[in-house]
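Below are two complexes that have subunit A in common, paired first with subunit B and then with subunit C.
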Partner chain A sequence: MKTETAPEAPAVPPAAEPRPSARALPVWANPRLGLLIVIAVLVVLFSSLTPAFLDPRLTLAPLQADISVYVVVGLAQLAVLSLGHMNMAVGRMAALSTFAMGLAYDRLGVPLLVGLLVGLAVGAGIGALAGLLIAKTGVNSFVVTLALDFGLLGLVTILYTWATGGVSFAVQPSGLSALRFDTFADYCMGEVCGPRIPLVVPIAVAAALGVGVLFRHARLGREILMTGSNTVAAELSGIPTHRRVVAAHALSGLLAALAGFLLAANNGAFSANIGESFLLPSFLAPVLGGTLLAGGAVSVLGTALGATLTQVIYKGLNLLQFSLEELKLYIGLVLLAALSLDRLRALLAERRAVSSS
Partner chain B sequence: MRSVIRTNEFTLAVIAALGFAALAVATDFNLLTAGTLDAFLRFLALPIVIGLAQMVVLAVGQMNLSVGVLTGFCAVASGWLMVDAGLPAPVAVLAALALGAVVGLVNGLLVIFTRINGFIVTLATMTILEGLRYGVNGTGTYQGYSPGLREFGQASVAGVPVVFLLAVAIAVAVALFFRRTVPGRHLLASGGNPFAARLSGISNDRALVLAHTLSGLLAGFAAVIVVAAFGSVNASIGDDLLLPSFAAPIIGGVALAGGMISVTGTVLAAFLVRLVDVSQSQFDINRRWVDLIIGAVVLGAVLLGQFRDKLSGGSR
Partner chain C sequence: MTVVLSAEKLVKTFPGVRALDEATLTLTAGSVHALLGENGAGKSTLIKILTGVYRPDGGQLRLPGPDGELRAVQLGNPQDAQRAGIGVVHQERNLIPAFSVAENICLQHLPRRAGLLDRAALRTEARRCLDLLDLDLDPDLPVSRLSVAQLQLVEIAKALSADSTVLLLDEPTASLTNDEADRLYGIVRRLSERGHATVLVSHKLEEVFAVADTVTVLRDGRSVAEAEPLADHSREEIVDLMVGRAYQQVHLAPRTVAADVEPALVLDAVATTAGHHDVSLAVRPGEIVGLYGLVGAGRSELAKALLGLDRISSGEVRVHGRPARIRDVGDALHRYRIGYVTENRKEEGLFLDQTVARNTAVTVWRRLARLGLVRDRSERLLVNEYADRLGIRLASPDQHAGQLSGGNQQKVSLAKWLAADCDVLIIDEPTVGIDVRTKAAFHELIAGLAARGMAILLISSDLPEMVTLADRIAVMRVFAIVGELDNDHDYDRMSQSVIRFIHDGQGVVA
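Entry: the complex of A and B
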C-alpha cells in the first residue's frame, strides 16, 4: 500500500510553515500527518471492501497517473495561493496550452518534447498576462481570472473548431502512447525490471520537487512568499512586487499547461474538454494540504497528499460503483470534515502552545 | 447633475439603452415585437435574481460559489414535491424558498464556526449540493406539474411578464433592505470595515450568517422562477449560473472587498448580459463567442472602474 502514496509524495519538506509559531507545535498538529493517516485508513478500507483496489494494472497504475495530473493541477493553484491570489482560469489555461501542443504536433509534426515546450510557453504566457493585468490595475485576481476563464472558454472552442472542425486533434505524436500505457515494469535491464509506476509519475514528482525548491530555497520563491504575506513590507524591502506577481501567475499558467499535457497523455488525445474538471481539485489539494488562501505560506508536500487523498476517494468509490454525482457529495463532505478537523486541531495546538509557554 | 452622470449606474444605463436600441435596429425591430420582447424580459428574471443572490454575500466581503447549484437543487426538490409527492404548488414554492434559506444558513454557520474562508466553505457545499441535486431524480426531468404555476410563469401584465415583475420587486426589496433597514446597514458596515463595525457594537458573525441566509433565500426565489418559467426541471439546472452570478454584480460595480453594493448596477448588468445572449440567438452566432464577449466585458468594466477611481482620486 506504500506503492501508491510513495511515488506521489516526494521527500520535499513543506516549503514554508503555515504560521511562524508552527515550529513550536507538537507533531500531531502537523496537517500533513493527519492526511497521511486518512489516506492509509482509506486504502485499507477500500482494499478490504473490494480486492480490485489493489490490482496493480487496472487500479494502481491508473490511480498513480490520475494523482500525477492532479498534483500538478494543485501546484498550479498553489503557485498563486502563495500570493493570496486565485486562478479561476486554471482549467482553461490548460485547455489553451494543450490546444497549442496539439496544433504544433498536428501542423508542424514536431517531436513530443518540442510540442510540450510550446504548450508550456503558451501557458506561462497567458498566466503572465493575467499577472500583468492584476499587478498593473490592482484588480482582484479572482475577477481577472474569472473573466479570463470566460474569455478562454469561448476562445478554446472556437480555436478547436477552426483547427480541427471538431473538438479534438486526431494526431498522435510518437511517444504519447508510451506515456499513456507504459509503466517502468515494461522497461527491463537484463533481468531487472522497473516498478509498476506509469511514466507520467516522474514528471509530476519533478514538478513538485521544482516548486518545493523554488519556494523553499530560491530567492524568487521566497520573494513571492514575502509579497504574499505583506505586499507593503515586501515593497519597502526592495522587492519588485509587481514582477513577482507576474512571475507567480506565469508559473501557475506553466503548471496548468503541464497538467493539461499529462491529462492529454492519460486520455491519449488533445481535446477541448481538457481542464474542465480542474477547478475544484486545484483548490482541494492545496487547501487540504494546509495552504492558506491568505497567502505567504505554501505546502508542496501537503498539496501532493491532498491530491492523493482526493484521487484515492474517487477511485475507491468508483470501484464500489458509486455514481459521479454521489462521488461529488462525498468529496464535498470529506472536504468540510477535513477542514473542520484541521481547524479544531489548530485551535487545540494553539491553546497548548499558549499554556506551555 | 454631474454627480449623477459620473456614476457607474448612469454609464451602464446609457450603454444598456444604446445596446438595446442598436439591437432593435439591427433586427429590423423584431426585438420590439410582443413575442420577442416578452421572451427577452421573461428570461431576464433569472439572471437578475441570481446576480442579487451573489451581491448580498459580496456586501459582507464573502462569496457564494454554491448559488447556482443551490438554485438547481431547490428547483428539482420542488419538482419532486409536486410530481412525486403530489403536494400542491404553493407548498412546493414555500419549500423551495425555505430550502434555499436553510442551505444559506448552514453556509453562514459553517463560515463563522469553522472560521474557514467562505470561498472554500461554499466550494464544498457546492460540491455536496451537486450530488444532492442529482440524487433527487437522477437524470430524469420533472414536467407537467401544477398548471397554475406554469401559467404564472407564462403570464403577462400589460405585455410585461409576471416573473420579470417579480424579479424587479425582489430587486426593490433588496435595495430597501440595504438602504432602509437596520440589519441591512449593519451588513454594509460589517463588510466595509469589520473592525469598526465591531467597535460600534455590530456583530460581524450575525452579519455573515444573515448575508449567507439571504443569498440562499434569493437562490430559492431564482428556483421558483425557473420552475414557473421553464415548465420543466432537471438536474442540469444551475450549472451555467455561477459565472453570470458574478458577472452581474461585478459589471454593476459591486466591490468584492465588501461594504459597497449596487442593486441598480447589478440589474442593469444582468440586462446587458441578456442583450449579448439575445443577439447571439438573433444572429445565430456561435454560442462560444458570447462567453468570449462576456469575459471581455467583465474585464473591461472592471478596468474602466479602476481607471475612473484613479481619475477621481487624482482630482481630489
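Entry: the complex of A and C
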C-alpha cells in the first residue's frame, strides 16, 4: 500500500481515512475523566479499608511528594513521546544529573538553586546528545537511549565511587531538609498558615504548566509535535526537524534531572540509586493519560493524573501491608487492568462514533 | 478465444474522487494484455479490485466456472482472488528474506503432514512452479541471497503457485536492467503460449509494444480503449489516448506577462547529485512555467534538489537576480520566499492527524509567534481567511486534515504556502486523484495566483492541465530539459510537439 510513486486515487481505503482519534468523542470517553474517576474510587476504597490513608502528615503529604516526582518523570518521557520516540535512559539521565548536583554541593558548596541549575544543565546536555545521535544517525531512539542507559549505568557507579568512595554524597545543602520535611502549613503569616502541601509540589506543578504551555502554545513545542506527526511533511514545511528532535530529547533530559532532584530532596540524599525506579512509571503516566506512543499528540494533564493513579495504588497497597514483592505483583496487575479498561473504553467510544456518524 | 476474466463497468469511489468510472477489462487466454494510463487514471484501483483488496461499488467481475461458463464472482479478500486463479506481482517486494525460495513460493499453502511442514512436498511443489518459468534456482536457497531480477522471478513463481490462469504484473521491470527485463518478458511470452493470460502495467511504452498483444487504456477511471490489438495503434496514438486528446479545454482569462521583468527564479545550467544535468529554466513574476515529463523523468527530484534535499553540483540558481544557496525548505521559505506544494499530499504535504488550523499555520508560526508563543486566535483568523479564499469546506478549523476530501486536502496543502506569503511557488502534480470539477476550480485558483504576480513552476504529467495553465512548457526527459515551448493553448498542436520531445528528445519549437 505504501507507494513511492504518486498514488492513484487515495491510497487509503475510505473506511480507514478519518482516524478514530479525530472524531468528536462522547464525554465519558475522555481518558482524563476516566482516570479521575478511577483515582476517586481508589481513594474511597483505600480510606475505608485503612483510615490511615487519610492521615495528612503520615500519608497524604508524602503521597503528594511522591506524585510530584513521578509527574515530572512522566513528563520527561512525554517530551520524547511527542516525537514518537522513547527515552530508555530517563532514569540514568536523572542519576547522572543528581550526581552533578551532589558534586556541586559537596565540593563547591554552592546554594541549593545553583546546584539544581548545574544538574538541569547536565540533564539537558546528555538529552541533547541522545537527540543528536538519533537525528544524525537515524538509528531508532529506543536503541540509542537503551545503549546510552547502559553506558551511564556504569559511568554513574564509577563517578560515585571516585567522588564519595561509596554510593552517596553526605552533603546536606541548606534548604534541602525544608524541601524534604516542610509543608506550607509550617509557614504562617500571623494566624493564617498554608495548606498541608509539601514544598516540592509547586515545583512539579510549575514543570507541568511549563510543558503544557510549550506543547500547546509555543512554536517550538508545536513544531516538535508536527515532526512527530509526519517527519517528511514537517521537513517539507520548513521545520528544522533535526533541531526539533534534539530539543525534545534535551527537554526530556532536563525533566529527568528535575525529577532526580525532587527524589533526592524527598530521600534527603544525592545517591547512585536515584532513577532506578523511573523507567516503567515514566511510560505508565503518559500512556495511562492518553498520550500516544506514535507521536504527534501529548496530554500533560493526563500524565499528571496517570502518575497520581500509580502512586495512589502504590501507597494504598503499601498501607494495607502488602510485602514488596506482592506490591509489585499487584501494581502490575492493577495497571494491566487499567490499561485494558482504557483500551476497551477507546474501542467502545470508537464504535459509538462510527455508528452515530 | 476463451475469455478468462471479464470486468464490466467497474465503479469505485473514494471521498471526493471517482477512481473508477465504469472501467472495463476483458482478458483472453494466452494474451499479454497491457493496462495503460497516466497517474490517477485508475490502474492501481482496478488491480486492487481484481486482487480482492477493494470491493467495487458498481459493475461486476466475471470469471469462468468449472464448466467454462463466465459467472459473476465477489472477491472479498486477496485469498479469494488467489483461489479464483488470479496471481499478482506487486511493485513492492512481498518476499520474506529469511525464508527459502521454496517456502516463499508456497507461503500461502504450505504442504503439511501430521501438522508439520512437509519438506519433500514443499520442494516438489516449488520445483514445479520454477519449471513453469524454466528457472534453475535452488529451492532451498534463502531469498536474501538472490539478485533483484531473481527476486522478481520468484515473485512470479509465487503468483503462479496457486494454479493461476491470470497473472497481473505491476511495473515488473522498474528495478531491472534491460537484459533482465528481456529475460522476464521471454518468460511472460512462454507463459502465454501455455495459455496464461498476463496483464502488464508499465510506464515503459517500448517494453509494452515489444511484449503485449492487446491493450486497455484507462483515463479518468474510464476505459478509453478496450482490449484493442496493440498492432492497430502507433505509440503516439496510445500516448494521446492516455493523456486525453478529446479533453474539453477550460479557457481561463488570459494573462499577460511583461517580457522585460526580471525573473523571480532562474536555473542556469544546473546539475544535481540526483542526476540532473543542463537544466536551465526561468520563471518570471506572474508567469506559469510548466515542467512536463512522464513519471520518472526527474521533475519532483529537481524541485527537491532546488529546496536543498539534494545538492546542486554545478550551475547556478538565482532568486530575484541574486545567486541563492538554499540549504533546506526553511531556508527556501524564510530567506527566498519559495514554497513547494508536494506531489503526495498524504505522505509529504499534510499532517493527517493534526487540525486544519495547524496544517495551514505551520509555515507561519515564526511570524505569528510573540516571545515564542502562538495565540490560537491569530491562527484561527488566518485559517478562516484562507478557507474563504480557497473555498475549503470546513466544519471547524479544529477538524483533522485526514477527515477532509482529497480536493480540500490539496487546498490545505496549498493554503500553508499562500499564508506564508511566498512569491515563488513550485506546485507538483496539483490535481492527481482529484475529480474533474475540483480540478477546474484548482486551475482557476493557480491562474489567479499568477495573475496576482506569483511566479509559478508547475510540475505535471497531465498534458491537458499543462496546456490549460502554462505560459511556457519545458519538457523533461531522463533528468534533462529536452525542449521548451511557448504555449499557444492549442491542445492538438501543443500535445504533438510535447509528445515529440518525449519520444525522441527533439522537436519543432513552436
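Everything below uses one rule, namely that the second predicted complex is superposed on the first by the 334 of 357 C-alpha atoms of A that agree within 3 Å, B and C clash if a C-alpha of one lies under 4 Å from a C-alpha of the other, contacts with A are read in each partner's own complex, and residues count from 1 in each chain.
Everything that follows uses one rule, which is that a contact is a pair of C-beta atoms (placed from the backbone, for glycine too) under 8 Å apart; a residue touches a chain by one contact, two chains touch by 3 or more.
Note that the coordinates shown come from a computational prediction; the quantities given were computed from them, not determined experimentally.
In the superposed model, A:Asp55 lies in contact with neither subunit B nor subunit C.
By the touch criterion stated above, A:Lys328 is placed in contact with subunit B alone, subunit C being left untouched.
Of the two partner chains placed by the overlay, only subunit B lies in contact with A:Leu339; subunit C stays clear of it.
Once chain A of one complex is fitted onto chain A of the other, the partner contacts of A:Leu152 are limited to subunit B, with no touch recorded for subunit C.
Once the two complexes are overlaid on the shared chain, A:Val287 sits against subunit B while remaining clear of subunit C.
Contact with subunit B, but none with subunit C, is seen for A:Leu133 once the two complexes are overlaid on the shared chain. Look at A:Val143: by the touch rule set out above, it reaches subunit B but stays clear of subunit C.
In the superposed model, A:Asp182 lies in contact with neither subunit B nor subunit C. Overlap of the subunit B and subunit C interfaces on subunit A: none, as no residue is touched by both.
The touching residues of subunit A, counted against subunit B in their complex, run 86, 133, 137-140, 142-144, 146-155, 157-158, 161, 280, 283, 287, 293, 323, 325-333, 335-336, 339-340, 343. Every residue of subunit C that touches subunit A in the complex is listed here, in rising order: 12, 14-15, 17, 19, 39-45, 54, 91-92, 295, 307, 309, 328-330, 332-334, 340, 342-344, 346-354, 358, 362-363, 365-366, 368-369, 372-376, 399-400, 402-403, 406, 416, 420, 429, 432-433.
Residues of subunit B that touch subunit A in their complex: 63, 110, 114-117, 119-121, 123-135, 235, 243, 246-247, 250, 256-257, 286, 288-296, 298-299, 302-303, 306.
For subunit A in complex with subunit C, the touching residues are 2-3, 5-14, 17-19, 21-22, 213, 217-220, 222-223, 225-226, 229-230, 232-240, 296-297.
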